[in-house]
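Both complexes shown next keep chain A, but they swap its partner, so chain B is in the first and chain C is in the second.
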Partner chain A sequence: MLAAILAAGIAVGATYALIGITYNLMFSASRVMSFTAGQLGMVGGVLGALFIGRMGIPIIPGFVLALAGCAAIGVVTEFIAVRPVLKALDQHLYVLSTLGLALMIQQFTAIEWSTEPQPFPRLIGVVSGGPFDEKFWLPVVACAITVAGLEYLYRRTLVGRAFLAIAEDNFAARALGLPERNLRVASYALAGVVGGLAGFASGELLLAFFANGAMLNFLGFVPVALGGLGNNRGALIGGLALGIFQQAANFIVGGVFASVAVFTVFILVLLLRPQGLFGAPVARRV
Partner chain B sequence: MILSRRTLAKGTIATAAAASIPAQVRAADAEPIRIGWLAALTGPLASPSIGFDRGVQWATNEINAKGGVRGRKIELVIRDTQGEPTKAVNATQEVISRHKVHAIWGPTNSGELLATTPIMARAKVPSLVAGVVNSLIDPVKFPNAFRVTPANSQWDEAVRNYAMKVVKAKKVAVFGDATGYGTAARDDSVAGFVKAGVEVVYSGIIDPALPDIMPEVLRMKNAGAEAIIPWTVSSGLAARLMNARAEANWNVPIVGHPVLGTGEIGKLVTKPENWDKVYIIGYKSCSFDATGKLPPRTQAFVDAVQGKMPLQDTSLWWVVSGVDSIRLIAEAVDKTGSSDADKIIAHWNTLKDWPGLYGTYSFSPTEHNGYKTEEIVMQRANSARDGAFALAPGYA
Partner chain C sequence: MQRSLPYVALFGAAALLPFFSNDYWAVIGARAAVYWVLVGGLNLVVGFGGQLAIGYVALLTLGAYTASAMVARFGLDPFLAYGMAGVVGAGAGVIVGLPALRLRTFYFAMTTLGFATIVTQIALAWQSVTGGGIGIAGPELPQPLDSPWGFYLFALALAALVTWLSSNVAHSRFGRSLVAIRDAEVAAEAVGIAKPRLLSTVFLFSGACAGVAGGLFATLQTYITPDAFSFDLSVTFFIAILVGGRGSIMGPLIGNVLLTLLPEVAAPLVAWSTFLYAALLLAIVLAMPGGIAALLDFRNRRPLAANRSIVPRPERISGHGTARGDIVLKNVVLAFGGVRAIDGLDMTIRPGEVHGLIGPNGSGKTTTLNVISGYYAPQQGEAFLGTVALPHGNPQTRAALGIARTFQTPRLIGEASVLDNVTIGATIAGTAGFLETVFCLPRHRADEKRLAARAMDALATVGLDALADVRADRLQHSELRFMEIARALILNPAFILLDEPAAGLSSEEIARLGALIGAMAKQGIGILLVEHHADLIFDICDHVTVLNLGRELASGTPAEIRAHKEVVSAYLGG
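Showing the complex of A and B:
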């Protein structure tokens, strides 16, 4: 019983963490909280089910195509919902533009795909059923690879350091000759890949369902707030904690009360540490 | 007698007026019988209406091919409401005011009906109702509205009877999804079981977006439930319930809403056997018996439409309910010789055991729920064939 709850908790937690990382990737490149993060997760699942399940494309090309589709959506987000409002960041117009694009993606999927959940194909099929079923460990593996890959990218590669530079101070980075605009587009494409990976890896758990986008948008934001904005390791820990706590609350109190319990803890954490559990308070120039 | 000019003029007017009456009557007699058919033909709630529409079109063509009703053809005024109450309200007003329909069939979901039923009542247009919400029918407030499907209380009773008498469950787990319908249906169901002396060991509301409902299923199992009673219209939640029941190695029956038997479930269960021991609300008229036969009236219809109308992708009861509704309106005009609203309503108020394809309907001035509870049965959820299902175990 405990194993079943833990397995599902860690799996959904890893998915939330990946969506949190998607938020972070887009935020660090542009200072914009893009509400297309959850929709990228939804689209990853839908495209995986479409390419592999419905069109019969082999798993690896299907996987690559699904991630490429999500990367394209990431780039489109940068072009049409982020770039036009960057000059007026203080007016927070990006809330409207990214939310509008997110709704368009959701409605388009509902019309073209289905309004009912659709099955996601079995990818490996080694263990069927129980806490070691692939639907539970695939999101965890995807999350681990993503976190390790991003650490490598940021710490060991020049491109990664350029990403960090524009995240730290994009004016200074531009002054040093870094192609800030291209790096931002690349960052949004990378966010698309990570978001798509979240949906693809958790497809067997969440199913290919147009309404997953809104759910992931919401629950994927929690690890960002818990872990500290822009902090991927914080998002990972926050996501896993959220997933396990949510499943435990479902078992102990159940139903809609579980959501109340989750958000009570969330609000309490933010009251005690507004910068998140792992975020540092922002220094303010005086 | 001296005929004055004034008397002559009066006589001429009176004669002309008298002569014109039969002409008006003849004109009314010759005009088509206009039926407003308000259907969610597109959008997420379209599946039932597409099924109903096949029956509606079939019955209309059948009657018109035979020359209509007393020489009057049936004319459908179809409006796609897309399942949205605001569009349904506009469509209702349009078919009443502009097209002056003689009767209305639809909309076919409760949300739209809650918005449109008072409008139809104000206009006194005879309407046939295919929504399960109990409050849609009130012969005092809505004397024009007649329900041709079961009310939710009848569904509830059918599920409760099956859980108690056939499954012989003494303890049940009842839940609804986190929608208005799911919450209300769960409350009614729990109250019914408690009143009947069955212990409700789990009563919950589950968010249909939850990716994993194993914790909830474990709570039901640990509480000792002997049957699960779900009230949800979410096929995703229903399939997750079946998969979690199998993973928990728990073999109790699931008894509930017809959505448990939709084709989507077959694609979402991880193993086909996860769909076993799941029983859905259904109807005698659309149930195969042990020999695989439908009741004679329904079988004759299915034979008649074979190859002309697809039945595999819909529910048979939607189709035959559409047929019945058009026939009910046509018969009222035929029997009363008029398409006047008052006469149609008065005729329906006298119907007793009217033999339709979907059910046997009876109405009276004080009872506008026409579907008989004894015609509601439970069916095996995974036995769909041509839109019909096999009877669940326990029926002779």
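Showing the complex of A and C:
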């Protein structure tokens, strides 16, 4: 049973961590938290099932197409829900605009795809069943590749350093001549890819289901809130911890109480440390 | 009276609906009325308080199951069951709302969303009470309320009641404080608004409304299952308010009716209704942030007179609070990281004296002011009022001690009228409690009359009385500076702290400002004046302190400072 809890916990935890990283990517480029983060995960799963399962496209092109679709949604988010409200960031209109867009994506999927969970195709199919089934390790692999890739991007490449510069001080970065707007669009596209990857890799586990968007929105936000905004390592640790905690609670006390437990922990941690467990407090308002 | 006319017309017309229409519309109309019972309360939280509570369906669910279970399992009277639903809703409203005291915007929205998910799951799992997926019958009302039109009129009456109650709150110090917290939280603290208490009270009220709405909803549905409480419904409530416009009651009321009717008049679109609402939300945010209320606000579309000039009437200043002694700073040290913004400062501000505080940028002037008004807690030393130490990091306490202030950048409540912007300064002078306000009892009405008179008086003193009804964000910069002074004066303070009041003013306006400040001091108010205009400082100050790098460089009468060698070379030039 322990193996089953760990396998499922780490798998969903990796998915939550990826959605958390999606939140972070959008946040560091624009100081905006977007409700579309979880929907990107949902769309990744639905597009994968659509292209590979329903339309019969081979796995690799289907995968690329699904991620490209999510990247496009990321860019659309930036154009219609983020850019117009960036001028008045302190009014927090982005909460409303991204909520509107996220709901549109969710409802469109519900109507045009299905309101029932749909199967996601087997991708590799070597070990069937048990804790080493691909549905458990695919999200972990996706998460590991993403984290390693982002580390490489930020530490070794010029573009990655430009991303960091914008996240650190947008104003100064612009003064140095960095193409802030293009980098922001690129960040949103990247966020789309990461979110889509989360949904695609966890497709066999969570199925292609429109309601996954809202679920991932919340459970992907928990690691961000716990780990501190913009902190990818915090999101990774927080995501895995959340996944294992949730699955353990699921096995021990049952689904409803597991949800209540997750929610309670989330609220308590936030109330005690609003800046997250690994974040630093901010002050100076006057 | 005039304010209530549109509402009387609207509800009057709605009450006539039974004469023109069939049972089908009775159900639709009842639904709109039931939703409004919730939305009307939620409007105070979202529209006025600016708290993004998107998961209010949780409270509707709780109310619905409480009322249904009370009737079905314990055989309670349906009206008592509604009352119970209201009580449970009020309690849950506070629980849902409390995180708002610590968490901002997106975080708070997420917690309400999480709460909504949890409640539905519990409803599904707790079968012995809720009937689980099979459901439970809603409370049945006795005759004649059990007919479609009977229930419609009953729900309509409650909707009208909620409109009246929420309007009483909206047009009181509570409503103004909510808007102040939304648009100018820092200013709200300076005038003594205690956010935790205010928000808990309002969450209690809106939770009660939502609970009762839940009970009514269960009756309307006749049978409820957890499916009935979809997140879409929650979003509909939220969007109705934003479509209607923030800080308005009529706007969200119309928004609520429109959103309830939309799927009915466009039947093929029913499946797409949530999609359309979401698109509407996006469109409103991007294109028309004021919503329906902004369309209806004809008064603020009239152009203002050009070439307005501010003519203060310093002679009108009369009363002021009795000072409990001088404001004394003793060896105050405050460092931000490695920077010592204030480095061992001693200073005394006396009642009836204008105390100038000057120095180069970054010398710690505004920081000193922020220590006195409680935004920063010094690491060493104390600020005293008389012999009592001023509590640290607690700006809400200053108004009650008779210390008012203005800000370097005017902290206006843009969408409120100039009069309301000033009235907010005397929030702590209100005597009526929340319940008295909700039911518009005599003490509340007396409060409103007195505060309005005091605000008009303060506006007349600074010379802005002609603009009292104008929305504050339409004012010029200089007018905002005087508006902030009026907001300080209405408190009848013992001390006023002015942070660069002359910045951005013309030379004529500066002269008038100087006369006004002089008159305030003559009446016994102690004034701390942080300024860069050396002329103004030397004209009106009784005492000047010069700061440099957080330390006192010189202190004395204007004449002594003007002759001080180091000050001249470091700051004044010459």
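Throughout what follows, the second predicted complex is superposed on the first by the 280 of 286 C-alpha atoms of A that agree within 3 Å, B and C clash if a C-alpha of one lies under 4 Å from a C-alpha of the other, contacts with A are read in each partner's own complex, and residues count from 1 in each chain.
Please note the rule applied: a contact is a pair of C-beta atoms (placed from the backbone, for glycine too) under 8 Å apart; a residue touches a chain by one contact, two chains touch by 3 or more.
Being a predicted model, the structure only gives us computed values, none of them experimental.
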Field: Fit or clash between chain C and chain B when superposed on chain A
entry: clash
- request: Figure out whether A:Gly125 sits in contact with chain B (first) or chain C (second), or with both, or with neither.
  value: neither
- prompt: Does chain B (first) or chain C (second) touch A:Leu206, or do both, or does neither?
  reply: first
Message: On the A-aligned overlay, A:Pro84 touches which partner chain: chain B = first, chain C = second, or both, or neither?
response: second
Query: Touching A:Ala4, do we find chain B (first), chain C (second), both, or neither?
result: first
- prompt: A:Gly56 contacts which: chain B (first), chain C (second), both, neither?
  reply: neither
Message: If we overlay the two complexes on their shared chain A, which of chain B and chain C does A:Gly177 touch? Say first, second, both or neither.
response: neither
Field: Touched partner set for A:Ser259, first chain B, second chain C, both or neither
entry: both
- prompt: chain C: which of 38-46, 128-136, 254-262 or 380-388 bumps into chain B?
  reply: 128-136
Residues of chain A at both interfaces, chain B in one complex, chain C in the other: 254-256, 259
Statement: Interface with chain A, chain B side, in the complex: residues 44, 175, 178, 204-207, 209-216, 218-219, 235-236, 239, 246-248, 264, 267-268, 270
Touching residues on chain A, where the partner in the complex is chain B: 1, 4-5, 8, 11-12, 15, 110, 115-119, 128-130, 202, 205-207, 209, 211-212, 215, 247-248, 250-251, 254-256, 259
- line: As the complex stands, chain C meets chain A at residues 52, 54, 99, 102-107, 109-111, 113-115, 117-118, 121-122, 124-125, 186, 231, 235, 242, 271-272, 274-275, 277-282, 285-286, 289, 336, 366, 370, 375-376, 407
- line: As the complex stands, chain A meets chain C at residues 33, 80-81, 84-85, 92-93, 95-97, 99-104, 107-108, 111, 214, 217-218, 221, 225, 254-256, 259-260, 263, 266-267, 270-271, 274, 284-286
